[in-house]
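Taking it in order: structure first as structure tokens, then the write-up.
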Amino acid sequence: MALEHFFRRSRPKQQAGNDLPDLWTKCPACKETIYNKDLDANSWVCPKCGHHLRLDAQQRMDVLLDPGSFEQLSGRVFPSDPLDFVDTETYPERLERAQAKTGRPEAILTGRGQIEGVPVMVAAMDFAFSGGSMGSVVGEEIARAAEAAAAADLPLVLVAASGGARMQESALSLMQMAKTTVALEGLHAKGLPYISVLSDPTTGGVTASFATIADVIIAEPGALIGFAGPRVIQQTIRQSLPEGFQRSEFLLEHGMLDDVVDRREQRAYLARLLRLLKPSARQQGGEQ
Amino acid sequence: MSGMSDLLRDLEHKVRDLEQTARKTGQNLETALAPLREEVAKLRRAEDDRQTGRQAPEKAGGERWERVGLARHPERPTALDYVERLTEDFTQLHGDRLYGDDPALLGGPAVWQGIPVMLLLQQKGRDTKTKIKRRFGMSNPEGYRKAMRLMDLADKFGLPVVALIDTPGAYPGIEAEERGQGWAIAESIQRMSRLKVPAVCAVLSEGGSGGALAIGVGNRVLIMENAWYSVISPEACASIIWKDAAQAPAAAEALKLTAPDLLELGIVEEVIPEPAGGAHLDKDAAAQALGEAVSRHLRELSSLRAEELLAGRAERFRAMGVFEER
Amino acid sequence: MALEHFFRRSRPKQQAGNDLPDLWTKCPACKETIYNKDLDANSWVCPKCGHHLRLDAQQRMDVLLDPGSFEQLSGRVFPSDPLDFVDTETYPERLERAQAKTGRPEAILTGRGQIEGVPVMVAAMDFAFSGGSMGSVVGEEIARAAEAAAAADLPLVLVAASGGARMQESALSLMQMAKTTVALEGLHAKGLPYISVLSDPTTGGVTASFATIADVIIAEPGALIGFAGPRVIQQTIRQSLPEGFQRSEFLLEHGMLDDVVDRREQRAYLARLLRLLKPSARQQGGEQ
Amino acid sequence: MSGMSDLLRDLEHKVRDLEQTARKTGQNLETALAPLREEVAKLRRAEDDRQTGRQAPEKAGGERWERVGLARHPERPTALDYVERLTEDFTQLHGDRLYGDDPALLGGPAVWQGIPVMLLLQQKGRDTKTKIKRRFGMSNPEGYRKAMRLMDLADKFGLPVVALIDTPGAYPGIEAEERGQGWAIAESIQRMSRLKVPAVCAVLSEGGSGGALAIGVGNRVLIMENAWYSVISPEACASIIWKDAAQAPAAAEALKLTAPDLLELGIVEEVIPEPAGGAHLDKDAAAQALGEAVSRHLRELSSLRAEELLAGRAERFRAMGVFEER
């Protein structure tokens, strides 16, 4: 729904057309040029202005999990082209480009790992892959991660980053909203925590399905989160949008989020929360 | 065709009226005006094309775009047209008990061809006035929250749910976002997946994205022959991919959003045939076909226990999607 | 909470101080003087302006139920004075006055009856008795009616008319909100319909307990319905209240009611609804 | 006592500030201003009384009115004062996922003296600024709806609920009524009665009417020695019955709203002793007593199964009330 203004926006880091050498990144918020090593040491939060730069799925795992604890679950499921979708190029061509760019079969990475010693199942969407859009594979991998979590008695932590549904799979893509939802039922039945982390941006069909039915929903500061994209809304109402509209802080105020948590504090926050919600995890957890 | 220019004049008049009211009273009627202005613009383009003899875009498109045109035909029966023909004692229950009463998503108990059901329906409006009132079938979160409340009642009283889907999509507005449009749709999908009673859904004309799926998690999903159901409207898809909404016919082709497409993809169980030329040419016959199909599926599901219904619905949607495993 | 402006308001009908002969009533809305027989034939809805006059509990049963079908359930439970409550007079003195005025031990009448042939358990609050305030007896009678309905596999129809809780029973009165709520659980467990009819006025603790957790909630036209009384709100916000604030139509618009139903159509409405919600009642019901 | 006139000056200054802000920005701050103005008026009366040597109304009342005074003492510990002393890892979860985040009713998981719980608490604010922000502990419907959401989580994760009650009552405002204040309280009472986990409630200072009972449907209900719990505040009762709010001391006597009264009436299981002179004189000791009592009841309930907890809670409240049967 809200893809249009993401496709044209360049990613902050190491993007084609970026005239800075690969060692440096220009913060899209304060425009300062920052040494990547410093950004990396700061969880890719701008040390000058606190802006949370977008992460790809692997970076997300690095930031979220205890070092070396990640074991990948996904990766054997590949997208196909059930609709023979052709627009200005074919869907397979688009997919190949996204795969080459990200080195990943689809816009999702799942696996298990630990957060301050608490074992979790984890899924991270990859906005770098076709705007994190959800097609059959993203839906399937999320469903499998949820089922694997339930089977292994693990909580699920899911980091959303998506412009919405994958147009090129039309109704099949739409159905992923229901598929992921029913796959999450196993966690509910076993009383296992499901925590959703909304990152910039989370819109469209992802906001309207698995990302917002979690037990606890937190967001990164300043993330754009909504169902309809700001451009669509502006076209409909022909008024300018209020300051901060659809940003994390706005949603917190409107009762939609449990909290807005700085990325650098997310591991501590999630570990604490998981121990609180699943008291048995208190024993498993480390000292922190 | 002169019917269309009458409608155009009507609408333009109504828009001017509303604009005056807004100026005079200081009321903000933009929410009501915006979709109306769009409608006017669309009709005006069609009218211009007709007068200049230019080929209407409908003609430029293939069979799929023609069907989209039929699905949006001004005389197309609305959900309430079917309900009037197929049910008795429909008792509309209003409100979400939280914030408001959505005018685009209605519901309540009714007797569907002799079968007691809980009815949910999306109503677009039948004339300018009701179209505006019903926001052209686009719900705010209140609509989905009302639907969930009625699903609770359906479960309590063991009434099967019949959901008649007809929406261009959920309403894209500031207030809708403020009150959690995405959250409401997600929760409605979840709530519907948990129904202990049978649920039969039918896409009547337009099945626009999450706003349609919110009440589309049925044990059976049916679709009228000339309806479409898609993750995005052809116009929005065209403006994203081609940067040109006029490429909607091409987008419609690419999206494979018609009833036969969806049957082939396994998204729906059955295509309900319409009278030749479309449902608007014989509303009674169209209603008869819808009524018969829904009743048949209700009867088939009626012998299943709650666990079977739950499991069947979960499996149905869990299996959705096409991918390769390597 | 919201009693203060009811206690001083005179009832429309056959009230002390009314200078009309007992055969006539002055409509409090349009001020027309109307023959009681005509009012009675019109369910005590003003034939001139449609105003719904307040009913006492017996009148309510007459209006709601099939003639001759009412069998009383309540009446053996009497209020006591557990707090030795004394203000300008004692609580027992107040009670005696209310009992003498209404010929009823308390502000509630319950029983079973039929609505267009559909058997129901029914409870009606009596605003004429101490402003319909809810003390231990009202709570007990409602709880018993709910339990009797569940035991007899009958739906419950409850007509609220109350200024709120009974101050003279303090915390005991407050607890009736929870008591009535838990007593209604039996109906829920057996899938039996509970329908609430809100009449003028319904405020305070009644609005915040059993009256608003019904499966279906309807209201009479123009009824005042709210938690806090208008006077309390006005004192707090020091602004005038919007037109129609806390009236049935306002609440319908704000999503709180299933419908606003004219008193003269309530029997047909309720009979239809009960048959729809409890299909087995379709067989029991008459032809209508 | 000079502390009180300092507070008065502070508050008056704050009110003027807010009034100026309101005028300058055109914001409507009446909702925040109204309770503040009341506070000012109350303090001013007390101050006047003190300066003129007139006997303060507190003195005119009996023991019950004195306790009401203690319950409202400006230095009285708030819910968060107790939480800080008694819990670890309190993780506040915000929002009702419907409309907003109520600032007066807070909650989230925490560890209560070593026991994992779901905490619900009503917070009045500790200084002028936070008092205004938290609306003096008076919730809008969002507060009760957040509480219900957290009860869902408590049930899912098997966490016992600890509810710390401290509110003059639910907020009486236009918006609160528009969004169903009565509905929210009723549903919260019902939701709490359905908890499958143990629930222990404690009235800390003020237990004002339905706004308190909304999170007061516990298996055990405790009360601090100098707290009150009543269907109506003494002031409101006085202004209804005596047509004079100054008769509040008499109303307090009549209402029998103190902890010992409630114990005798069977409304609470236990009165938690406070340090001599009131909880404000030794917050640590007060917290210790509260913590110990709540923990003890949690431990006692921990061995019960869900059905026993449900039945026990239902029986507890079903039995409430005093009447004669003839």
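Note that the chains are named A, B, C and D in the order they appear, and that numbering of residues resets to 1 at the start of each chain.
Simple rule for what comes next: a residue touches a chain if its C-beta (ideal position, glycine included) is under 8 Å from a C-beta of that chain, and two chains touch if they have at least 3 such contacts.
For reference, the UniProt names are A, C = Acetyl-coenzyme A carboxylase carboxyl transferase subunit beta; B, D = Acetyl-coenzyme A carboxylase carboxyl transferase subunit alpha.
Computed from a predicted model, the values in this text were never measured in an experiment.
A.B. asks: Expressed in steps between touching chains, what is the minimal separation of chain B and chain D?
C.D. replies: Contact-graph shortest path, chain B to chain D, evaluates to 1.
A.B. asks: Which pair, A-D or C-D, has more C-beta contacts?
C.D. replies: Per the contact counts, C-D leads.
A.B. asks: Cα centroid separation between chain B and chain C, in whole Å?
C.D. replies: 40
A.B. asks: Centre to centre, by mean C-alpha position, how many angstrom separate chain A and chain B?
C.D. replies: 30
A.B. asks: If I count partner chains per residue in chain A, which residues reach a count of at least 2?
C.D. replies: Each of 254-256 in chain A touches at least two other chains.
A.B. asks: Among all residues of chain D, which ones touch two or more of the remaining chains?
C.D. replies: 97-99, 179-180, 183, 187
A.B. asks: Report the topology of the inter-chain touch graph, choosing from line, ring, star, complete and other.
C.D. replies: Contact map by chain: other.
A.B. asks: Can you give me every chain pair that touches, using the contact definition above?
C.D. replies: By the stated definition, chains touch in these pairs: A-B, A-D, B-C, B-D, C-D.
A.B. asks: Hey, which residues of chain B end up touching chain A in the complex?
C.D. replies: It is residues 30-31, 34-35, 169-170, 172-174, 176-183, 185-187, 189-190, 193-194, 209-210, 213-214, 216-217, 229-232, 236-237, 239-242, 250-251, 254-257, 261-262, 265, 267, 313-314, 317-326 of chain B that touch chain A.
A.B. asks: Where on chain A does chain B make contact in their complex?
C.D. replies: 1, 3-4, 7, 76-80, 82-83, 85-88, 135-137, 139-140, 143, 165-179, 181-183, 185, 204-205, 207-213, 226-229, 232-233, 236-239, 241-242, 245-246, 254-256
A.B. asks: Using the touch definition up top, name the residues of chain B that touch chain C in the complex.
C.D. replies: Interface residues on chain B, with respect to chain C: 89, 91-101, 109-111, 116, 142, 146, 153, 156-159.
A.B. asks: Quick check: in the complex, which residue numbers of chain A touch chain D?
C.D. replies: Counting only chain A, the residues touching chain D are 188, 191, 193, 215-216, 252-259, 269, 272-273, 275-279, 282.
A.B. asks: Inside the complex, what are the residues of chain B that reach chain D?
C.D. replies: Going through chain B, the ones touching chain D are 97-99, 145, 179-180, 183, 187.
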